[in-house]
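Chain lettering (A, B, C and D) follows the sequence in which the chains are written, and residue indices restart at 1 in each chain.
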Amino acid sequence: MDAILLQILNGLDKGSAYALIALGLTLIFGTLGVVNFAHGALFMIGAFCAVTVQRLLSLSYEVVDESQKDFLGNPLKVKTPYVESWFGPEMGGAIIDWAVPIAILFAIPIMVCVGYVMERGLIKHFYKREHADQILVTFGLAIVLQEVIKYFYGANPIQTPSPEALSGVANVGALLGMDIVYPVWRIVYFFFSVVIIGAIFSFLQFTTFGMVVRAGMADRETVGLLGINIDRRFTIMFGIAAAVAGLAGVMYTPINSPNYHMGMDFLVLSFVVVVVGGMGSLPGAVLAGFLLGILESFASMNEIKSIIPGIDQIIIYVVAIIILLTRPRGLMGRKGVMEE
Amino acid sequence: MFGLDNKDTRMLLVVAVLTLCAPFILNPFPTDSAMAQFNAGYPDLMQRFVIFGIFAIGFNILFGLTGYLSFGHAAFLGVGSYSAVWMFKLLSMNVIPAILLAVVISGLFALLIGFVSLRRSGIYFSILTLAFAQMSFNLAYSVLTPITNGETGLQLTLDDPRILGVSATADGSIPVTSLFGLEMRSTFEMVVGPWAFQFNAGYYLAAFILLAAFYLSIRIFRSPFGMMLRAVKSNQQRMNYTGLNTKPYTLAAFVISGMYAGLAGGLMASMDPLAGAERMQWTASGEVVLMTILGGAGTLIGPVLGAGFIKYFENIFSKINDNVLHGWFSFMPDGLENFVVFVIHPFIGKGWHLTLGILFMLVVVFLPGGLVEGGQRIAKWVKGRKNKDDATPATKTPAE
Amino acid sequence: MSKSAFSRRGVLKSGALAGTGLALPTIFTASSAAAFTNDPTGSSVTLGFNVPQTGPYADEGADELRAYQLAVEHLNGGGDGGMMNTFSSKELQGNGILGKKVEFVTGDTQTKSDAARASAKSMIEKDGAVMITGGSSSGVAIAVQGLCQEAGVIFMAGLTHSNDTTGKDKKANGFRHFFNGYMSGAALAPVLKNLYGTDRNAYHLTADYTWGWTQEESIAAATEALGWNTVNKVRTPLAATDFSSYIAPVLNSGADVLVLNHYGGNMVNSLTNAVQFGLREKVVNGKNFEIVVPLYSRLMAKGAGANVKGIHGSTNWHWSLQDEGSQAFVRSFGTKYGFPPSQAAHTVYCQTLLYADAVQRAGSFNPCAVVEALEDYEFDGLGNGKTLYRGEDHQCFKDVLVVRGKENPTSEFDLLEVVEVTPAAQVTYPADHPMFAGGALGSCNSGA
Amino acid sequence: MGILEVKNVGKRFGGLQALGDVNLSVKENTVHAIIGPNGAGKSTLLNCLVGKLIPDTGSVMFDGQSVLGRKPFEINQMGISRVFQTPEIFGDLTVLENMMIPCFAKRDGAFSLNAISSVLGQKDVLETAEKMLEEMNMADKRHMHAAAMSRGDKRRLEIGMCLSQEPRLLLLDEPTAGMARADTNNTIDLLKEIKEQRDITIAIIEHDMHVVFSLADRITVLAQGTPLVEDEPQNIRGNPKVREAYLGESA
């Protein structure tokens, strides 16, 4: 029982990441009709925003300490971060410790800008082009972005820990009288993504801007005929989608150390999630994200693996195939979208 | 000629001349010159050019004609390779049965996957094919290791129970793949002054198969069947209401292109008897998609160009290192030399991905029809200039 | 910098001189009259450095390349000579190999068997390399080793830890300097016994491919010999990025040791996840829960950051070793690049020197002569004490390090501390050990 | 006994009764029009005839054979061709190719793996297609991309494509919807010509009274999913029930 509850938690947690990435992907697809293979790269850039903030906060000056030796036998240069000398070791240390949450503030404007530049500079020229061309250009862009990151940050994963206070485990089963411990940061991640998803849905549901965007997703031409400048709004939506992917990346860094190809790792998966959810459907993407996350977690349980060896390797794809064969347009897809 | 019209015959002949003379064309620089780095005329890469050319030609029959974008075609290539290597292990080192089995098995595999995947269209179809291919890859890498030899890839060993032929040669080596005794790896080398050209048996076998595959693809493009496939892409509704059943058309196209992939896989194993699971990964499927789009989807020659383009970068640019750069620019003053090397450095060697990504973007932005369109524009420009020259002979500068 | 490092083959130069513009056909087949593949007849010899430059192991590949360049510099008489001064064999003169200047070509394995073979083939066919070396995974090493055997060139495997490389997939033309899964187990077992006792329940998480399996087998065998009980062995997909669903079942499994048979990004993530789930603070059966990472790499340990503190594992070599050879290498590498070398760098540097030395001793580049010179060759001064290249399986036997994640690192490189240097004798196994069974070395192939 | 016999056909979408109890008989070699106000069930009925929808009740017989449960392409192979409201043609193909495809369908059936021979070698098909282009006055456009033509030409091409199959029954779904007056008249003339020159039965769904009264031999008026009356045009014109239900006060 505990094991099952734990796997549900794991599934919700994995699902949060899938859902956040898929949400942005399907938003871009639904509004702009663009198949964005660079979306994984946006997730990755978000993660490296966290790395960058951590590095900036840890910028240090060096003091030569004669009593210690470095690897060449020369006197060791001891590094002290500037923030520690400005705010004192206590406060400075705490600031560095909180680098990832601080990075959220930093990442939002950066990601919106990245999204804006991407859309205005490149993607907008591809609205009328075939999906194949969109795939080629966004795939090229994804490669370029990840290679640039690799050039500056290397290929190895980079450790970006969560704040000390949010690092341990919490007993989430205490309320139920059970002993189920779960990492605090993963719980934070789950609630964070619920908040983001909620925010996006309310934004689309309750604001005029959102209403126009939703109408545009349903029927772009008609909305255009009403004299509403739908393109500008769509540009903003692209920025928002980029920010969502970026925030998902920032918050993900303490869970797994980011590396330059993490975007590609998530790309295929996020496409599967979007399509299983139904192309262009926001609730579908979220639903599919959590569903696949939970199923993936269950499939990795030993009890299940002993029945079907290797099921955890393929579960996502098996589920995708079954869903697409039984529900032609995914869980909540609309008719006629991306079927040509 | 060959049942083709003049234009197609000319194209086939051009391709034939290019492939048969590839050892010359791809080695334009003297071996000792600094530019030799850019020579691509060595057996392995030439083989890769034509093999991936075949793969892309086959993919284009599906994608270029019907518009169905398969994201799992590498699975058929992988299955073809595994079949071929098993044939080498169990039957004989002759490449013919291996290639035949590769084509047949991948055709059957394509029939199975196509039958299921073609129940959906558009991106739903793409994801279904992707899912099947990724499943194949993941299983081949882990659970199916007894069949695929997992991470290492299926390879020949000294104790293969080969029915026709020996397990090991007299001197204790693994026998090599051959075509009725003609070893695939045997290379005839011709040295002309500072140039060296390599003529490899395996390459020529692959090149002849490429020509056959290309010829077949022209025939398919120009046939009623090919026209039906284009009609599928254009308007399925009208197809159905014109008494045509689209399903067997798309399935036939899928299986044919799967068999092309299997042929490529079998050839790859014949040139180098090892089949790695990575051949089936989604990145490999994505690569053939990129090759086709880059070259020009739906055009006959485009996919071959795209395949050559990508393989060239992968094999040539990845081998340029700082040392080579310093060699090239050593004529410059030291400071300038270092600066130039510093500027170029991110784009070569380990940065070859970056260069490729940039080129993808440039091609798709400026040449919407792919490399073929680039060729057409150049042809048009040359023609236009010629016409202009003809029209205004008075302004022609005699100095030329 | 030298003008053009790319003379394809010495034979071409002479061919060019003799050539009168007419074709001079020569047939290069397995049965031709040439002495051996890529016989360097000019004034230089080309080595092929085939390392991952893209993909997850690119940083490791980059470090290997640095070491290779350093080795070439030293062989050609540049720099401070590094380990050439401490090496027990004094054949190398700093004038290249057999008087020929050493040149090199580089390629990208992409950590894929296919790409690695393509790259190695281009070095052999186009650039005329007589020796291929490098790599950062066992799959690639085995694939390239097979190719080199067929082509008739020497392969000095880079970073490859699977038992199979010198076990069922061993080849006469290939040599491995790196240690392997069995040796990790043999080196770790006594240390684990001292630290954690003989009554332990181990839970294995294993990357689901051949390297992972051989390491799992080796470690489980070594720890079970101590009296440990193996609770479970769970395979994780290679593509996994989040290991939470594999870590969670460990919590209530009754296990008190977690063995992570992962490498690279998998290791970083599984270790990070294990620490997240509070395994390190956990107490099971009245004992502290422990994590073991049998194969450590400093570059990867960096990715796991503070999570490695106090966690034990084994490694091939570490820059903090105090012997003369290691220090000489760290000094010349650190002076040139500004940071200490990784175990990957050390391995490939040694291999390059060893190859050069073997050629020098054999007096020929002929692969079969080199194989003969390297087989059962014993030497010292390259950082791991007295070392043997065993003739029966071409595995290298030397001291293996047991290391621990450092509690108070003084710099970003100072992540591991050496706990014990396990002597070579303790990790040596008979060539017919069942974990290495199957396959045959075959006979050396010179391509002639 | 008509060539097309529709008996007691009913179709329900959730709570909506799209078709009540439709009976219809189309006589051979006549033009039969089906008219009715929006939402009368005209399109639903048509879709039941061509296999796109399967009715809940009743039967549809074509030339003595049931069409129910057959796929659209099978029904077409039985001899029913359909012209759509917005012309459905192969936009990426040339006009000549558009015309050849139905000829191939007629000659080779629903599927043929005719992958080796050249299209240009199929003289019989080429001849039929060329002839049909002549008849449609489109021979000069044969190498044009079909998508690049005007709406009227596309309609003409689509009708030509259907005719080249020599169908027994031609179904037209509002063939002049959205057309300019001149194009509409051209289409009427074309259909008249077809009617006079060929042994063909035509069923036409139409909004435009002008078109209906210039062509139809018989008219069925559909209202709220059931046929109101079926009669000859001159009788329909004066029928008060039709006026009330369909033409309303505006007439």
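Rule of thumb we're sticking to: a contact is a pair of C-beta atoms (placed from the backbone, for glycine too) under 8 Å apart; a residue touches a chain by one contact, two chains touch by 3 or more.
What you are looking at is a predicted structure, and each value in this text was computed from that prediction instead of being measured.
Listed here as common contacts of chain C and chain D: B. Relative to the whole-protein C-alpha centroid, the nearest chain centroid is that of B.
Between chain A and chain B the centroid-to-centroid distance comes to 34 Å (mean Cα coordinates, whole Å). Centre-to-centre separation of chain B and chain D, using mean CA positions: 47 Å. Centroids of chain B and chain C (each the mean of its C-alpha atoms) stand 33 Å apart. Chain A and chain D have Cα centroids separated by 52 Å. Among all residues of chain D, none touch two or more other chains.
Among all residues of chain C, those that touch two or more other chains are 58, 62, 208, 235, 237, 239. Looking at chain A, residues 310, 313 sit in touch with two or more other chains.
Across the assembly, chains come into contact as A-B, A-C, B-C, B-D. The touching residues of chain C, when paired with chain B in their complex, are 1-9, 12-13, 15-16, 19, 21-30, 53-54, 58, 61-62, 65, 69, 104-108, 112-115, 117-119, 121-122, 125-126, 137-139, 142-143, 146-147, 149-150, 164, 169, 172, 208-211, 235, 237-239, 439-440, 442-443, 445. Against chain C, in their complex, chain B makes its touches with residues 31-34, 36-37, 39, 42-45, 48, 138, 141-143, 145, 149-153, 155-159, 168, 171-174, 176, 183, 185-194, 196, 198, 272, 274, 276, 278-279, 314-315, 318-319, 321, 323-324, 326-327, 330, 337, 349-350, 352-353.
Within the complex formed with chain B, the chain A residues making contact are 35, 122, 125, 129, 131-133, 135-137, 139-144, 146-148, 151, 268, 271-272, 275-276, 279, 309-310, 313-314, 316-318, 320-321, 324-325, 328-330, 338-340. The touching residues of chain A, when paired with chain C in their complex, are 2-3, 6-7, 9-11, 13-14, 17, 68, 70-73, 76, 78-79, 150, 154-159, 161, 167-169, 181-183, 185-186, 255-257, 259, 261-262, 265-266, 296-297, 300-302, 305, 310, 312-313.
Interface of chain D with chain B (complex): residues 50, 71-74, 76-77, 81-82, 84, 88-93, 97, 100-102, 104-106, 108-122, 125, 161, 165.
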